[in-house]
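Each chain gets a letter, A, B, C and D, in the order it is written, and its residues are counted from 1.
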Amino acid sequence: MRNVILRVKERFVSISVIFVTAIFLTVFLLVEDELSFTVLMLVGGGLFYFVKRRDCFKEVIVFARQSRYGFLICIFLALLTVLIILRNEHFALFMIASVALYSTVCFGLTIQLGYAGLTNFAGAAFFGVGGYAIAVLSSENFPDILSVLTGGFMAALVGSVLILPILRTRGHYAALVTIAFALLFKTFLELNDTLGGPQGLKISSMNMFGWDFGKSFFGGSFYLNYVLFSLLVMVSIFTLTRLLEKSWIGLHWDALRIDEISSASFGINISSWKILAFTLGNFFIGLSGALYAKMLGHIAPTNFTFGDSLILISIVILGGIGNPWGVIPAAFLIIVLPEKLQFIQEYRLLLFALLVILVLLYRPDGLFKKALRSFYRGWGKV
Amino acid sequence: MGNSLLNSQGLTVKFGGLTALSDLNFSLEKGELLGLIGPNGSGKTTCFNTITGIYRQAAGTTSLLGKDITGFTPQQIYKCGITRTFQRLRLAVALSVFDNLLIGDSSSLNTNLFFNLFQRSKLKQEIEKKINKVKKIISVFNPALVDKLYEPVSKLSMIDRRRIEVCRALISDPKVLLLDEPSAGMTQEETRDFMNDLHEIKTKSPDLGIILIEHEMNVIESVTDRCIVLSYGKKISEGSFKDVSRNPSVRTAYLGED
Amino acid sequence: MLLGSLDQYLINGLVLGVIYAMVAVGFTLFFGVLNVIKFSHGDVLMAGAFAALIAYISLQNFVSISIWMMVVITTTFAFAAMALFGAIVARFLVLPLRGAPPLNTLLITLMLGLAVREAVRLFYPNGSNPKPFPKLLPDTDIFIFGLEIRHDSLIIIFGGLAAICFLHLLIKKTRLGLSIQAVAQDSETARLMGINFQKIVLGTFALGSGLAALAGVLNGLYYNEINFSMGLLLGVVGFSSAVVGGLGSILGAIIGGFLFALLQTIGAIWFEVPAYKDVFAFVVIIAVMAWRPTGLLAETKSDRV
Amino acid sequence: MCNFGSIDNKARSAYADRDSPVKMTPFVGGENMLNRGFLIFSFCLLVVGCSSEDGSAVKIGFIGPLTGGVSANGIGGRNSVDLAIKLANADVTKQYKYQLVALDDECKPNIGIQVATKAAADSSILGAVAHYCSAVAVGTVDVFHKFAMPMIVWGAVLPKITYGNDYPEVHRVNGTMINQNDVAAKFMVDLGYKTWAIIHDTTDYGKGHDKYFTESLEKYGGIVLGRFGVTADQQDFNAELTKIKALEPDVIYFGGITPIGVRVRTQMDRLNIPAIFQGTSGIISDAYIEGAGTLAEGTLAFREGDSAERLPGGKMFLAEYDRNNYSSPPEAYGPFAFAAANLLIDAIESEGPDRKKITSYLNKVRNYNSVIGKITFDENGQNMVPLITRFVVQDGKWKIWEMSEYADNIRSLNRQNPK
């Protein structure tokens, strides 16, 4: 016990930074009107500047490197605090779950774009495939947990239609293939009445192994169910994504992304690695699409337009291409910020666009640049 | 010549109407260092690209130890034991030295999805084995590089980058090594170091056949056993460097005299 | 019954093709010099059309001039305004991101497009509604080879083609054009040879954006209606045309533009529900990309090993 | 929201402990600074957390598209609700002060569900005037039901929104597209037209109109020569219109909203199509007339409810709207949003700030006088609009048919000699 206290004292700065950030985000999720928002932004900006000048972020990174479990426990406790404060705030919880699911989608895109270098401008389409798969299956009384997985499989399957053109093209040409797919996907859904046409489909709420997501969770909001499950999915897929990166597979993807010709000259089978990245990425995207659809309870073609695919790509770029760590704050920014700007109503998209432009000018490589690969803990220490 | 290591007969490559390589015959013996020289645009790199399967030949055959490898993909060629370096370095500069070298050894890596994701301790053992292997190879060239194993290639000097590229080609224990102008961009001193490296390679692996494209004639003179001179895609001379350099048609080709 | 309307389809297809080609040429130009995709291009087109409208309205209130003079002045104004805008964008948004991954340029121009679109919607009086664009061209019919064609369609087709040809000549024959080509081929060498890289990039962006404004004006003259979201689809179609034709080639962009117009027209005639025409066009585009991975006219730059 | 205090105190006491000397000093300076920063921060958090609570005001939500393609309608609706609230606040007889919370649904179902959750989960918002886009409303009714929030649809016309469920919370002041199209079909057949070509967008709005108009038309004996589904962001309709020209219909029926309505009408002229242009409620907007210019003349369209300018309350609404200098017009559904907001305000005045009571008040609304005529909700919360108003464009204005020169045969819809 004494040991724990000593350790906490040792890491005091890092721990406070983590908790202050958590509480800041909580308040951020709760503020509504422009005055509080502006004050909060000013406070946040000042605090950020202050923490950055004292190099406290480095402190946190050192903490994360040196005692992984302590760091994880700390993050977990911070998250728990946030969830306890927000236990009855339906909307804030809804936004947290959305951020978690959008992040999960973007891990899939990170595998495609950041690791294997495949530009996928049809992310929202595969997101939608997952959603539609689960919509059809839940009306058939299929077990929900299997439906979620099927959503992923369906997305991977539909994606296989594009594999041939994607393998043959590169760069902007490959981008066009997926753009074309994204555009035709939405129109196709609208025109075909078998899948609900433009009105879309209704979906029952999630229920697995007797865990009814539609009911209040220990006296809190029913959205807590979704938050917990989405966070679980996000953490698992994040871990998988990182493990992929820190393995021979990630190495192969990096090699072929950077230089196809030299990779081919060293025996790397470009096509099969690209297929793996594309399929796996789409699987993750479809999976979270299915979950998102369950949470929304209703999906329609206009949720999955080309514009939505661009939002997904924006998250990946803004976070720093190829860095799953960057995805989460970027998703938070892209998903929650427009929502927080509701008080300026019709001006919010304009301001949002300008803010993103500023971020990119200030940090041309995205928020966090991808770091060198470390295969396991203690990598590179002699 | 049936038993030679690498043997090409009638190699012809065309780009549209342009014949980049026409009817090239050559062979490489075990342990031999063959120089491939000729003016710019004479088809040397094209020859490498064709052997390694990046370009398709219009005619001709290539065989490795008597086995026909004509029309193989780059991946198959690599698996047969032919590796190369590139004239303009093709290292992944954003990746670490270790990563770059392991790309050269990709076929020996266990890429099973389950193994990579869930058998992490076994993977760690494999990685540690690879670290030792990599260290052994680079210390042959420059022991100082061992300390830079975890640094990005972008932080290395030109000669170290060249060394890494050669190591990447050597790590899979190839039978044939194709070196495309390794001295490009090096200082004279670095070039001298590099020649020593070449000698080192030859003593370490006596059976390895090497083809070297080079513009620095003193490099060619001091390291090659035999030379082939190309001009406009045709072989115009073959023999030891002394013989070749006396050949008047070679002089014409280089100096552009008629 | 269909055959009787063939001339109509043909003329409309040609107009569409010309407008698409003009947008596509812009994409090809930007890609040529900087290897970037500028996603705000469609919105620049829209802004160009609105600039022309503003010029028209303000002129109409103050002076009375002939209608042809009006066409010339409004078009020039739109061209100049968007050329300036294009240069500013290149200077402050595109060039600073040269070292970053190319997708970041895509994102920043995408956001710029959104900003331009929203700005027009919010700050142009009643901008969220469609605006009538003045009918400046004669709408009388003439007969050519037995085809009934309206004068304005003809003027738009030839005007657009002339603009593209003019651009082609500019690039092939003038000093500026040669410099653009040099930069497009190898920016490092071009810089070493004393070409002012930044100036050329700004010039190219100005030129491409001006061309987009021109396309916007022609679009307005043809449909007599413009709206703030018109650039969205035109931008995507223009990009698709440029890529299908083969990026970096002006002829490719033209072919791509006309191909797209052709596919849409065929789709609209063929399908019971015309909305399928876009699905059809994009399926064909995907198939074409699988068949010719670097566009119909393959890129001339080969990957040097 | 003020419950952060306890956490802050805990954190503060943690800092107080820290003052006792412990090993490791390099960050002490940083900590002191951090300490102070943290205190300031916690204070600000408290200020922010508590300032957003405004005790006295009663909140009413408005949801509609404020950005994107159909934002004109959304902004018109928002302004109308804003006007209703301003008028209520100026009225001394009202017990409560009202406050508007306007939210943008971008006309997208997922964003709609997001903002509906936001409004419905906020217990200080008592009711919502929500949705112009049908696809959004279909998705959000579940949310409103789940949170038991009374809501009144002000513009979405899909029948399913009210008839597809039995949620007591869901109401709608405007009629559905069924009533609208039935009247439209009968009226047009009675005028003597026989053949139609239908252009509709492929959104739920356009597809629904296509379906119900066709059904009614068959009932009254009209013939549909061809139907053309087009995407909502399409710019060029020449190919479709060329086909239609060959069919030679008497009337082109357009099921869609203003922006593409303007495009179809202008491009009809380009192809010299002499047919009558008949639209739906979606094109009854000043923007249609502005966009189509003189070509708008003689366009017909139909809308549920009485016309604002024919009713005394409606005239008052239009006058007040003008007086408040909103930057954009109320558009076709502004009066509906205004009426819905007034209904909600009256419910709150009578029942107090209690969602359940407001809901049951709304369900009992019969013959309520509003700017759009009398409102009576049926058991599904649907206003049983007895009246469909027919409109025609005359001299750059939407005129009620009966008051137009067309009805008196002074003008004719048929263009005698189209050029």
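The rule is short, and it goes like this: a residue touches a chain if its C-beta (ideal position, glycine included) is under 8 Å from a C-beta of that chain, and two chains touch if they have at least 3 such contacts.
Predicted model only: the values in this text are computed from it and were never measured.
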Comparison of A-C and A-B (more C-beta pairs in contact): A-C
Centroid-based (C-alpha) most distant chain relative to chain B: D
Chain closest to the middle [Cα centroid of all protein chains]: A
Inter-chain centre distance, chain B versus chain D - centres from mean C-alpha coordinates, in Å: 70
Separation of chain A from chain B, taking each centre as the mean of its C-alpha atoms, in whole Å: 43
Chain C-chain D separation of Cα centroids, rounded to whole Å: 35
Contacts with two or more other chains, residues of chain A listed in rising order: 187, 190-191, 261, 346, 349
Two or more partner chains touched - positions in chain C: 118, 273, 275, 278, 305
Two or more partner chains touched - positions in chain B: 54, 86
For the chain D and chain C complex, residues of the former touching the latter: 67-69, 71-72, 75, 202, 228-231, 233-236, 238-240, 242-243, 245-246, 258-259, 262-263, 266-267, 270-271, 285-287, 290-293, 327-329
Of chain B, residues touching chain A in the complex: 52, 54, 73-75, 77-79, 83-84, 86, 90-92, 94-96, 99, 102-104, 106-107, 109-111, 113, 116-117, 120, 123-124, 127, 147, 149-150, 152, 168, 172
Touching residues on chain A, where the partner in the complex is chain C: 113, 119, 162, 164-165, 168-170, 172-173, 175-177, 179-181, 183-184, 187-188, 190-191, 261, 306, 310, 313-314, 317-318, 321, 346-347, 349-350, 352-354, 356-357, 360-361, 364-366
Of chain A, residues touching chain B in the complex: 240, 243-244, 247-249, 251-252, 254-255, 258-259, 261-269, 276, 372-373, 375-376, 379-380, 382
Of all residues in chain A, those that touch chain D in their complex: 6, 9-10, 12-13, 16, 19-20, 23-24, 27, 30-33, 35-36, 39-40, 43, 47, 50-51, 54-56, 59, 81, 85, 89-91, 94-95, 98, 187, 190-191, 197-200, 202, 221, 296-300, 302-303, 339, 342, 345-346, 348-349
